[in-house]
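By letter and in written order, the chains are A, B, C, D and E; residue numbering begins at 1 in each of them.
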Amino acid sequence: MPVTDTTEAAVPAPRRRRAGNRRVPTALLVPALLGLTFLVLPLLGLLARAPWTTLPQRLTEPGVLTALRLSLQTATLATLVCVTLGVPLAWLLARAEFPGRRLVRALVTVPLVLPPVVGGVALLLVFGRRGLLGEWLDTTFGLTLPFTTTGVVLAEAFVAMPFLVIAVEGALRGADTRYEEAAATLGAGRWTTFTHVTLPLVVPGIAAGAVLCWARALGEFGATITFAGNYPGRTQTMPLAVYLALETDLQAAIVLSLVLLTVSVAILAGLRDRWITSP
Amino acid sequence: MPVTDTTEAAVPAPRRRRAGNRRVPTALLVPALLGLTFLVLPLLGLLARAPWTTLPQRLTEPGVLTALRLSLQTATLATLVCVTLGVPLAWLLARAEFPGRRLVRALVTVPLVLPPVVGGVALLLVFGRRGLLGEWLDTTFGLTLPFTTTGVVLAEAFVAMPFLVIAVEGALRGADTRYEEAAATLGAGRWTTFTHVTLPLVVPGIAAGAVLCWARALGEFGATITFAGNYPGRTQTMPLAVYLALETDLQAAIVLSLVLLTVSVAILAGLRDRWITSP
Amino acid sequence: MDHQSVTEPLLDAHLVAGRGAFHLDVHLHIDVGEVVALLGPNGAGKTTALRALAGLDPLAAGHLTLAGVDLDRPDHRRWTPPERRPIGVVFQDYLLFPHLSTLDNVAFGPRRRGADRRTARAHAHTWLTRVGLAEQARRRPRQLSGGQAQRVALARALAVDPTLLLLDEPLAALDARTRLDTRAELQRHLGDHRGATLLVTHDPLDALVLADRLVIIEHGRVVQEGDAATITAQPRTDYVARLVGLNLHRGHGDGHSVRVGDLTLTAADRVDGDAFVAFAPSAVALHATRPDGSPRNTWPAVIVGVQRHGDNLRVQLGGPVTAAADITPAAAAHLRLAPGQAVWAAVKAAETRAYPVG
Amino acid sequence: MDHQSVTEPLLDAHLVAGRGAFHLDVHLHIDVGEVVALLGPNGAGKTTALRALAGLDPLAAGHLTLAGVDLDRPDHRRWTPPERRPIGVVFQDYLLFPHLSTLDNVAFGPRRRGADRRTARAHAHTWLTRVGLAEQARRRPRQLSGGQAQRVALARALAVDPTLLLLDEPLAALDARTRLDTRAELQRHLGDHRGATLLVTHDPLDALVLADRLVIIEHGRVVQEGDAATITAQPRTDYVARLVGLNLHRGHGDGHSVRVGDLTLTAADRVDGDAFVAFAPSAVALHATRPDGSPRNTWPAVIVGVQRHGDNLRVQLGGPVTAAADITPAAAAHLRLAPGQAVWAAVKAAETRAYPVG
Amino acid sequence: GGSSDPACPAPGGSAGITGPLTVFAAASLTETFTRLGRDFEAANPGSTVTFSFAGSSALATQINEGAPADVFASASPANMKAVTDAGNAVDAPTVFARNQLVIAVPKGNPKQVNGLADLTGPGVKVAICAAQVPCGAAARKALDAATLTLTPVTLEQDVKGALSKVKLGEVDAALVYRTDAKAAASDVDGVEFPESAGTINDYPIVALKDAGNPTGARAFVAYVRSDRGRAVLTTAGFQAAGS
């Protein structure tokens, strides 16, 4: 009876390795490493050029820590603003049916495509002291946004929000909507369904969006300097400090950039896998 | 028997509306509209300031169309590069277990946080004439990247790739891995599983990432001008044209920005829902 | 019991809905406290009907009235969203929320219906205990076995005590013993339940034990409806006949004779015009040669297949009429059964029932 | 048949694996062409065992040898990934690829095993036809009913003709008729199948019809193993007893007497030492007063519950021993059964079986 | 160095100059103005000077959109004109410094560039500013004066861009301002050329109408144009503008 022969032939010889440690296919590994190299190599270039000897002295310069703190504060606040407004917007784009939805989705990308300086000008045109809304805000509430720390947050939020909206919309579209149906049959309205079912299911997408948003806000320069000006301690974030350093001293600019990078990489590397993994 | 009473009371009076047209909860609608307004209002500010009468004349200026075409070409090429290298990288971050994964994930955001001009400098340090790799590329292959259209694509890809990687990683983490297990039991190796199961399942995430990536590449300025310079027809993309216009003529800059915006919004609005919806 | 509830059923629905090329068109009525089993072959439209009742898909036409209130009536442009319907659903694929513990899954409904956190959890705990899963309260759905997940889904739907309870194969994944227990628990609950229940199942036993009335649909239409006794005695379609384990044929009656194809069968009942004849597989005897004893209905048949069936063997017969016969292993050994073999089949007229079509 | 296949089973596995607090430790052997049914209560570890066999979770210890090749042997650091094992799986929750048509789902396996696109699709079409879903070939899984999806999952696993076939409740969602047909189709296929098959099911009928041998696990351990006849006759755990529909008690035997708690039962068989006694519910007679006829085993009992059971009623009894009794509705009417009522139960010694523990 | 002596009241420094003062200045003035600001504060105890450095065009836009600034120092008359045209200046702007083009080459001048004509040679990569920015306009004027056609590899948005490309060795030469070449003296050499005389760029300064501190604004403008201010500017490589 030939059975045993054929079945034996069908069983491949096992390799000496264990589960969880499965080989990564070369076709994936090679481009992935290439991509990683491409992203990280320029950083090495910067590191190679960094004036290591003068580093301690530069770091202790008074303006640097202030700018760094301001950067982290404003980027975090901007991310909060983006999450608060952006997640509902993403939900609207992914779940509600309305005419012109495709146009709205495309409009969301406007701040991405707009050169940031022009974005800053546009913000000035709207929220500036002579702007469409700004004038009213000023006379009614005595509220001026440009050239204030709030203005920095606003500029960063404007530039960074599309990242959040689009990443979260992608996650929402990828999610299984049948859980939302199940929630509805249990008496959950759309709002409760959103908070109790939809949101927890797309946590990885929101985390990804928030990371993008935060990092983009942290690196934001053009819109900020245009809308909020470049006042040390008030609106001068690290990228603005880097810009000024570039005027005089390339190496100083590199050092400042590296400081910003190190801090942000350290913070992002501290994020637990747990927070960005779906249940 | 009190049953009918209680059950009747439990059935709420229906409203005069149909399914698919369900009310959007105010708690979502208000922030969503606020967010949308925040994103779109500055655009209105620009539109209000645009010099409509001189518009036709400006649009027909010779450089504009060239810059627009170059922008679209390079952004699209950069997006292709990013997808090719970035999707595998995202997969590696989401699916493979290796030490230092969190650090690698954080490093991916480097180009986001790096001020673009510094990013351009970093690219020069690596791919420039005297750069780590550039010198070797130059002497070995006679390949120079700075001041070429390829350089523009490279700079854009560098700046835009993190968006793709992080958005796709978020989507991968949100996806149900049991389908991949099912594929494995049917004889699909990790590569086939990736191409035939994983990828199709995260299409919305990849689409979202690619949109982000493309839009970011389209709006990219700092790294491009620093790494590839600004030469009309070869490396002068729309944002570079906008920046130069800004130096002399705000209105010209606004017009150019609006042209860029209109084209990109039109292209993005043309994307079918089908392409960005999961199966 | 007040007047209205006597004359009007709690649920009065005419469900017209489409899913792709499939069209559903069924009338459903369920009284207060009544349990109706919805049966039908795979793809008959049972889940589609449940989705329409729950409000997950709107009706294309018809109406859906629960306790006198129109929940869905397209021609009046009325529609109530699922969350505002007093309806509970157990889904065929459970759909437990993957991010919530078992306990919170069950507490989800009570919370939404206004219970505070502690009350809802206590209530959920009671229900988990009833379905025997109190120990798994802290687990995530991914950490449950299939049968455990199904019981959690059942507890989740029952915990809200809805006016209309929709159960889509709520016992399919349970092991024989848990099935008995859970079925008993469900029976107890449904006995107390003052609303209406619609139970989709493929298990005739579930239907017989739990339901007061059976509604059978095929291809999106109701094909038979009634209490278990009637349906068991007089199946009207092949599906129902198989369900209740009878051989069914359609023919033309003339007194006690019913002509089925080329064969004339004699039945216990009188019937004229188009008629069904039904007989149990166990009533069919097989003989190697033409029998000349008492059975009035005999015909030559060919053995198509033989399967074990409980302690007996079930023999599939071809020939002028297709039929199944249950015989003991001893009889089988005597006959030396094998596919392709020719035999004589015999059924007593007393065991053959006839009833009119329609 | 060559020598090796006689002495060595095709599958020889000692599965040791953990999932959270749950531990699995079972030995499994399946011969060439053999079909083994794996039964057990919900949460017993059936799916866990299947996952370990398929390579989706690695073994913690033990080994897994298929056709003489070690696929998983932690102490030798050997492990073969799932895609390189000649194993096919039908998952309990189907896991059909949502982005592929029904046809492409089924063609997926053959494609991966090297067939070209056309061949694979033709093969898939054949399989879809066999499970009666040729019409649904172009549909997406979301557009299928639950039962249709399950049949596609079955076709998908069968289409690759694996050496070891793992089926996790492959018929649970099927309607009675389709179940018969699909079971017959599966039986035909398994008959031809030259590999080994492990079938998880909760339906005793599936197990009896399809399997050559039964392995029963509880709490991650094998509790009983053997052919259907042995297991049906001599259940060793409550679960198995319920499965085969017997009352089971454990006691101490001394000749024909077995002491169970306070009660001594007389059995047909001789047994000494720790022993099981088993009797069918249908063998239990109920009397209003103490009977003095032939049954040697009588005891006073209390009625705990009554359920319909087929044509009869199944009565749950409390008292010195818990037991189920099946009685006819006529007898029930005569006894005026109601929960809480005291009755006398009687079982003839001839219908009481006794066998040693272990 | 422009180190100040607090004991000696600076020109323009008078009693009563106190309070905050906001100065919008072109980014290329970062070093000099930061120093001048410190000096000014020392000379006028109680005053605090805050700078916002950015591109002149961006600053002009901000001022015209109502930015709260007291003084605007521009790197080009064109951007200043945008502000005065919008009526945001108190009076006519005055030029406080001038700048002149030089050829920046890598340290040691490896390609032996000694004049404009050497830039057109084969194999010489040159960066100049785009025509829209002052240094580009000046470069074009100089090339026209020398009747040369030069094909640069890039038209930079500002002097810093052009200069950094020389620093990194991407180009062999760039036309930049003398001040920039001087600031980067550790990396580049500045090659003077005769045609640069016709390419002088003016830096105007003005007190702004919306100034919150008008006296302070006037005092700062005067301070920049004082001898002390001119000394600081000259040290950085500017040509002092005659007052």
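The criterion applied here is as follows: a residue touches a chain if its C-beta (ideal position, glycine included) is under 8 Å from a C-beta of that chain, and two chains touch if they have at least 3 such contacts.
This structure is a prediction, so every number in the text was calculated from the model and none was measured.
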Touching both chain A and chain E (chains): B
Chain whose average C-alpha position is farthest from chain C's own: E
Contact pairs, highest-scoring chain pair: A-B
For chain C and chain D, what's the span in angstrom between their mean Cα positions? 23
Would you mind pulling out the distance in Å between where the CA atoms of chain B average out and where those of chain C do? 52
How big is the gap, in whole Å, between where the Cα atoms of chain B centre and where those of chain E centre? 37
If a residue has to touch 2 or more other chains to count, which residues of chain C qualify? 55, 81, 84-85, 93
For chain A, what residues touch not just one other chain but two or more? 20, 22, 117, 121, 124-125, 131, 189-190, 201, 243, 246, 250, 278
Junction residues of chain E - those touching two or more other chains: 58, 61, 164
Chain A - residues contacting chain E, complex: 117, 120-121, 124-125, 128-131, 134, 144, 146-147, 225-226, 229-232, 235, 243-244, 246-248, 250
What residues on chain B touch chain A, complex-wise? 20-25, 27-32, 34-36, 38-46, 48-49, 84-89, 91-92, 96-97, 101-119, 121-126, 131-133, 157-158, 161-163, 165-167, 169-171, 173-176, 189-191, 194, 201-205, 207-209, 211-212, 215-216, 218-219, 221-222, 239, 242-243, 246, 250, 253-254, 257, 260-261, 264-271, 273, 276-278
Which residues of chain C touch chain A once you look at their complex with the stated criterion? 54-56, 81-85, 87-89, 91, 93, 95, 97-100, 108-109, 112-113, 140, 142, 156-157, 160
Inside the complex, what are the residues of chain E that reach chain B? 55, 57-58, 61, 78, 82, 125, 127, 130, 132-133, 152-157, 161, 164-165, 168-170
Chain D partner contacts - residues on chain C that touch it in the complex: 19-20, 39-44, 46-47, 92-93, 139, 143-148, 151, 168-169, 172-180, 184, 187, 202-205, 208-209, 238-239, 242-243, 305, 307-310
